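Next up: some structures, all given as structure tokens.
There are two complexes below, and they share chain A, which is joined by chain B in the first and by chain C in the second.
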Partner chain A sequence: MIDSPPEKINESVLKLINNIHYGDVKGTYNIVLATISVLKEIINNTEWNTAKDLMDSITLNGKYLIEALPLEASIGNMVRRTLQIIREEYILELKNKTEETDPQESLHKILTAENDQQIDFNTSVPSLKSALLEHIVEFETELETCLENITEQASEHIHSNEIIMTIGKSKLVEEFFKKAASTRAFDVIVAEGGPFLNGHEMAVNLAKAKIKTTLISDVAIFAMMSRVNKVIIGTHTVMANGGLRAISGVHTVAQAAKHYSVPVMVLLPLYKLSPLYHSSYKQNGFNKHVSPMQGVIDSANTQLLEKVHAYNPVFDYVPPDLVTLFISNIGGNAPSYIYRLLSELYHPDDYEL
Partner chain B sequence: MCKKDVLQAVILADDFTTSLTPSQNIFPSILMPVINVPLFDYMLETLIKSRIQEVFLYCSSHIDLLKEYVKVKNYKGTAISLIISDGCSSLGDALRDIDTKGWIRGYFILIRGNTFVTADLKSLLNAHCLKVEKDKGATMTMVLRNLGSTKNSYMSEEASLVVSDKSSNKMLYYTKLKNSEKKVKLELNWFLDHSEIELNTCYLDTHIYLCSPSVLPLFADNFDFQTMDDFIRGVLMNEEILDSRIYWQQLDVEDYALPITSWKAYHMLTQDILRRHSFPLVADAFSSLKNFIYMPQSTYKHETALAKGCVLEKDCILGLNSALGNNTKVARSVIADHCIIGSNVNIRNSYIFSNVRIKDNCTIVNSILFPNCIVRYGSQIDGCILCPEIDVAARSQYIDIIVESQSSGVSKTKMLELEVNDEFLYFKNNKLAECDNCSTESSSSEEDSERDSPIPDDTNMFLSEVIDSLLRGYQDKLNCENLILEINSSRYAYNVTIREVTYNVIKAILSLPLHYLAETKTPVNSQNYQKNLKAIITYFNPIILNYVKNENAQDDCLRAIEDIASTTDELLPYTQHLLNQFYDRDILSEEKILEWYESTSEDADVFHSKVRNAVQPFIKWLREAEEDSTESDND
Partner chain C sequence: MNFPQKTREEIKAEREAKKAAKAAAKATKGKNVSKVASSNNNVKNVSPVINSKISEKSVERDVSKESDNKITNTDIKNKPTAVNCDISEKSTKTDAVTVKDSQPTREVSKENTTQSSNIGTQSCTPEGKSKEKIGEKSKAELRAERRAKQEAQRAAKQQQLLAKDNSKTKEPIKPCVETKSECVVKKDVIKNVIKEDPHQLSLFKHLYHERESSRIAVAPINLNIHPAIIRLGVQYESKVIVGSNARCVALLAAVKQVVKDFEKPAQADFVRGLETSLQQSMVYLHHCRPLAVSQQNAMRHLKWQMTRFSSLSDEKAKNKLQGIIDTYISEQIQLAGKAISIKIREKISNGNVILTYGYSSLIHNILVEAHDAGKQFRVIVVDGRPWLEGKEQLRRLTKHGIECSYILINALSFIMPEVSKVFLGAHAILANGAVMSRAGTAQVALIAKAFNVPVLVVCETHKSSERVQTDSIVYNELGDADELVNHQSNDEVKKSLLSNWRTKKSLNLLNITYDVTPADLVTAVVTELAIVPCTSVPVILRIKPSEI
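Moving on to the complex of A and B:
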């Protein structure tokens, strides 16, 4: 980043932005871990007296992070999650009670949770810091086991001799298949996922793990769908309504699956669940348009390049009605249940930072 | 072997060959705003991304601006040092200067300040180092970008001929192709000495050079290396003696690079950035161009820009706090920050820098408006460059001019009057035709420009040479045979076709009296001219006879007479006598004269019809004589 940052922004936040911007930290999972460690550092190393101070500081830094990297929705999720942790811990510490019975709030509780509004976070609670750090460490372990928890469920969803379609490359989907393959045999059809063609690598990796793999081009998705039992894909983000922001091509797969009534399952580590809505394609920061030279059009054709507009969007938006099931680390959920997960994970006040 | 401690890059803030008149008076090339962001911002982003640790910025003009800029900017992990040398005027001098400083320790990247690049420079330099491991004499690797065929494109002037050894990418020959040259000379040696060679015209020099430490001493040793082209030519010619070789490397197909060598290239670069070819250095992904909303047809709008009720057709960008009125149309243009533009304005292919105000009902096409200009109600601006703080009065019409403000007032320079190479002419002649219009249109405009272009230099030089020879011959009363020999040898020297020779010799003879009178300091008037011309023609009769032998030559001769007569007032009344004289001497035949008189009259241009009118009595006489003769034959 070249422009000078505003004051009050934490040093490590700037470093994180640079690292992500210049490609040192890649992949949503790594970004999430890096974000959490930065937020932990803010809690640990900056001066604050009350929870309010801390929340303001995290909101400020978080906002800056999100603005700098609008595409990485998971960063915003982590900021919101941290704020929620602070709220929870603060209330707990204030009431000075040990944790009540169940962490799952009931619907009734959520509806009557208005009294949060009245709590101001201005009381200084000395034990808050250590409690927070403890909770965040706990959360970090949750993150670490998150992917494992999802792959654990593989055998519940993939049955013997099923034909499963996926598109492009996703580390999580790959692990999911490998896990299932350890107990049973099934076929995987990989759509190559143009124009980046990550599906090639995916197919190679699966074939190495002794899974029967077929690589098809994106145009054959519809033709092949008739014999597919299940579609299993990864995603970049899940919006608040259950819609997906996934790599381009996923919409095609989901549409074809709908036509043939094939169930579409989406692997969703909860850190990808965002409380934001997708309003339109013009929305700033929803999509990333990269150079058309990356697979769409030949760069050695100036005559053509001068005359045409070529677009190369990275993401597709898939409406929630095309998704059958989200497989998250706490189990399978239908898109209509996303609102519940959201209210568990984040506080409504933090949706808009 | 080039695992030196730090990666160094040398950037020349000025590129001494750029022809972005008049912007060099305002910015050094590296601070030229591209979509309202200095070119250096893009460059810095690439440098930081490539992990270049040390950058030397060589400044030779606008030093204060550069100092200010470097101070304000904040960069991570990259140290920028300024090398200041006021008044340095060529790349060679700059590099010699850097050599004496001794700050460059190993392999380095040399970047000319007018370039834009997105590639990873570090991996490019590493590739150069690998070449050095194979060949100790590898001095420099040029980074070239494959453009494909450049025919009929904006880039047609950027094409160069690259001849290289296929297996090693060793450069054998490199030259910029000029439009006027239709032929390329290939040396037999290239084919004999190498098992496989590659000839390309699709590569563009990106102005990025990966250099071994030996480059600077080479510049220091050879004082005649002024430009990079000199260096490349010099090294390639003396490969053996200097023991250094130049290689080239193709830019990765997904990367983008384009040096701004002319306004045309500037236009091209901006369009490419708007069309996101240069990702990630594009609006809304690049940190200096934040908060832009990307809309279909490659249009961008800053979040704060007001553009209700106007049409952003394609490839355009609206900057911070800019406001557009109702019904305003914008296509292929950049509107920078804080511009206020009225209603019913039409803006095409134009660059409007910050704080410009444009009132209602204006039309701005193919123009560049520098900061703080004001264009008042209903003005039309086509193909112009307005320097900072120009105020254009209401309802004025500016076409093809550069408007500069000076202490005395406002100066306007016609584009065509400028003594710059034609590359500069971003406008009019170099069709900036709308690309989406049908291709036939653009091809026809191209033909026009070819026809309009002045006679190639060689022919002009040949003409002046002939005039000199004849003048000397006439004064010293030399033998006509010798003069013919002399003319023939100049003909070979300048490679002029025989028809051109006839044309130019006649032209020279007809304009000779003017030169002679000037030489002898006699006043130039019709009488003196005619007297002298008569004497000269008599004297040079053998020469004329020697060149005007066949019918084609007669055509050329008549063409020459017509051209000279139409531009020289002294000759005009005398033309009929001249034709009569040529007719009497059997230089021109009766049929040819009549044919000429009738044939070309359809393209009735004022001058030529003037000539026709002047010679009418003679033609009349000729026709009568002809009738007489046929009549007498009949009898």
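Moving on to the complex of A and C:
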């Protein structure tokens, strides 16, 4: 934990950290929205003259946020995204003064373009603030329609009479299935996703929507996979190489799917796409551990607990070669294309804040 | 238990009575038909036992009262007199339901029903002691019996046709033995029930079918079954005895008891008589819980041995058979386990991290013995809902001072990088090299393979089966779906979510017991003969023919 916050950290940032810590803000989507509003506030309410000032301030605040909440990669994503917006707007504003440019990028242009790094952000552009705010509002609407855009694609991926497996609970996956169910009938197998057993809730919700749902224990994933047509799952974060950080158990599902050559589709709102890598199997700083009392072993076994180690990791790392397709709000992409999406979303300078 | 107290001669007499009743069934055909209200009544006609069950409750009730009489003073002579209060009049309909609580009593009542239902029409049925009839089992009776059998076959065929029309049943319907034709009728009844139940996966229709039929068929037990077997059946069903080895040993112990108490029926020879008796017992046990491969193999072994001592006297044969059972337990199960334990010990090196799944008695022994032999290793016990058998493993291993870790199956990929070997138990090993084991085993092997960790499956050869299977759906055992609901967490909100899942039409809970691990996920199988790759399992089968 960070003991005393540096002076320059915005108060709203501290408040956000507390809210997330205490669970007042839950779910990646809500965290993203909260982060954006905090960043907007920084742009709006703090003193800054040049784009450089603003970027420094946001980087500082963002860094603090990320350090306080290392597992919520989407916060970092939003900070990077905001920085990218500032860059774009600044360049646009600068260029507005000088020349009109063709917004279309081409390989040739990228190759011949002068180095971006030489751009001096110290020029004061008075109209930047309003342009920025406008752009961020635009971005917020994009976030709001993001989930909708993904569910819209449901009918492209699910055909009738299919058997689809999912694990645990994801609001997005649930909506995705519901959307598809409005036009066609299919079966869903929900693995309960121990030890938190969120799959129970998922199964009940799907059954309420009149989707034929079967709840299975996590142990039956492999046995059932032989009859499954598709695996559709949500994720917590997508790493830069296309690997997933998802709830524990997903790796088993993905491996089993690979064994039976079942396509694995991951629903990916773009704010979950992180430019970070995960490479070590040690999973230091990657995973989160919670008390094994939450579902792994109960207090009736206290004597046993004195002698054993019980682990309760929250996440699984799923290597990219187990994923067939990412369904993002801008369409479907293979894991090999993730790098390109990244370079569109964030500026390379911001990968490391 | 009051069942064992019922005398041997009584049981015998009842058996006789049943035979007589069967003969009588022919004569009373017309009458019975009217009683059995059903379209395919032919089947029921064949064996009067069925009649009594399907016909109006009144009959049974009124007879159950009689049986009450009978049981109190266990004299067979009582029977005819009791039967005299003719049931065809059904005047005694209102008679209180006296005996309905204990299972054995109920059976007796059934037996009685069979008799009484015939007595009304046939005068020649046992007047005096039924024992006297044994000698003079007339040709007419034999013929009648044969006819009854034929009738049963025909009926069964009809039944099959009917069933095809309904396109529901896949069960081969076996005619001839009356207990079986009984099942046929019951299945028919059950099928109607199944049709309405929405909580069944279409993928598993065949398995639900088996399960349902067994659940109902458990109640009406044939009196010929030994109490030890009945107790065993209950223990199987309530999962008191679980695990392939434990079930097999328990079965053999019970069979030994049966052999000990077996008395040769008058007209059959010893081996034949014992075989039919065991056959009935196995049908009953199968209804309680489908037989494990180990059990099937053990029974096959016994049967094969029995065919070999036809020349022996009964007493000698008995002793020999008991000896054979003891040898089987000690050689095939206990010594095999020891041999495996010694073999696999050399695969454990100091500093190893061994991962195991669930509870396997063999794995437990192996780890404890290796620990006692001074090997330094750490164990990771993986567990899976809903059984959580791994806790038992954990408890026992820690008691022996072995260093343990514990995870649920979802955390496998987190723990796997530090594992050096995976040891898995097996329910059976199939001829195509696939390993059938507790559900979840395949997943452990899968993840181990993904992390390049060797997987050793320990399996005594008495568990090897000639069956082949490539998925876990064709043959499996369905557990109680409600087990998925009750989880250990105290979270009330979650609990209430599923507690009324049966009211939701489109929601199913599925709890399968076994899964099949494909051969390519298993590095090697450790048997008492050798450590071999999975694909060499047929070789073991050849070395050890089915008779073992």
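The rule is short, and it goes like this: the second predicted complex is superposed on the first by the 328 of 353 C-alpha atoms of A that agree within 3 Å, B and C clash if a C-alpha of one lies under 4 Å from a C-alpha of the other, contacts with A are read in each partner's own complex, and residues count from 1 in each chain.
Rule of thumb we're sticking to: a contact is a pair of C-beta atoms (placed from the backbone, for glycine too) under 8 Å apart; a residue touches a chain by one contact, two chains touch by 3 or more.
Every value quoted in this text rests on a predicted model; they were computed, and no experiment measured them.
Shared-chain residue A:A310: touches chain B and chain C both.
Shared-chain residue A:N18: touches chain B; no touch with chain C. Touch criterion met: A:P195 reaches chain C, while chain B stays clear of it. When the two complexes are superposed, the chain touching more residues of chain A, out of chain B and chain C, is C. In the superposed model, A:T302 lies in contact with chain B only, and not with chain C. By the touch criterion defined above, A:D218 lies against chain C but remains apart from chain B after alignment on the C-alpha atoms of chain A. Contacts of A:Q294 after superposition on the shared chain: both chain B and chain C are touched. Touched by chain B in one complex and by chain C in the other are residues 282, 292, 294, 298, 301, 307, 309-310, 312 of chain A. Residues 41, 44-45, 48-49, 72-76, 146-155, 202, 253-254, 256, 268, 271-272, 275-280, 284-285, 287-288, 290-291, 293-295, 297-298, 303, 314-315, 435-436 of chain B touch chain A in their complex. Contact residues on chain C toward chain A in their complex (touch as defined above): 201, 203, 384-386, 391, 394-395, 398, 404-415, 417, 438-440, 442-443, 446-447, 450, 471-473, 476, 484, 487-489, 494, 497-498, 501, 504-512, 514-516, 518.
The touching residues of chain A, when paired with chain B in their complex, are 1-5, 18, 21-23, 67-68, 282, 284, 288-294, 298-303, 305-307, 309-310, 312. Those residues of chain A lying in contact with chain C across their complex are 192-195, 197, 200-201, 203-204, 206-208, 210-224, 226-227, 248-249, 251-252, 255-256, 259, 281-283, 287, 292, 294-298, 301, 304, 307-313, 316-317.
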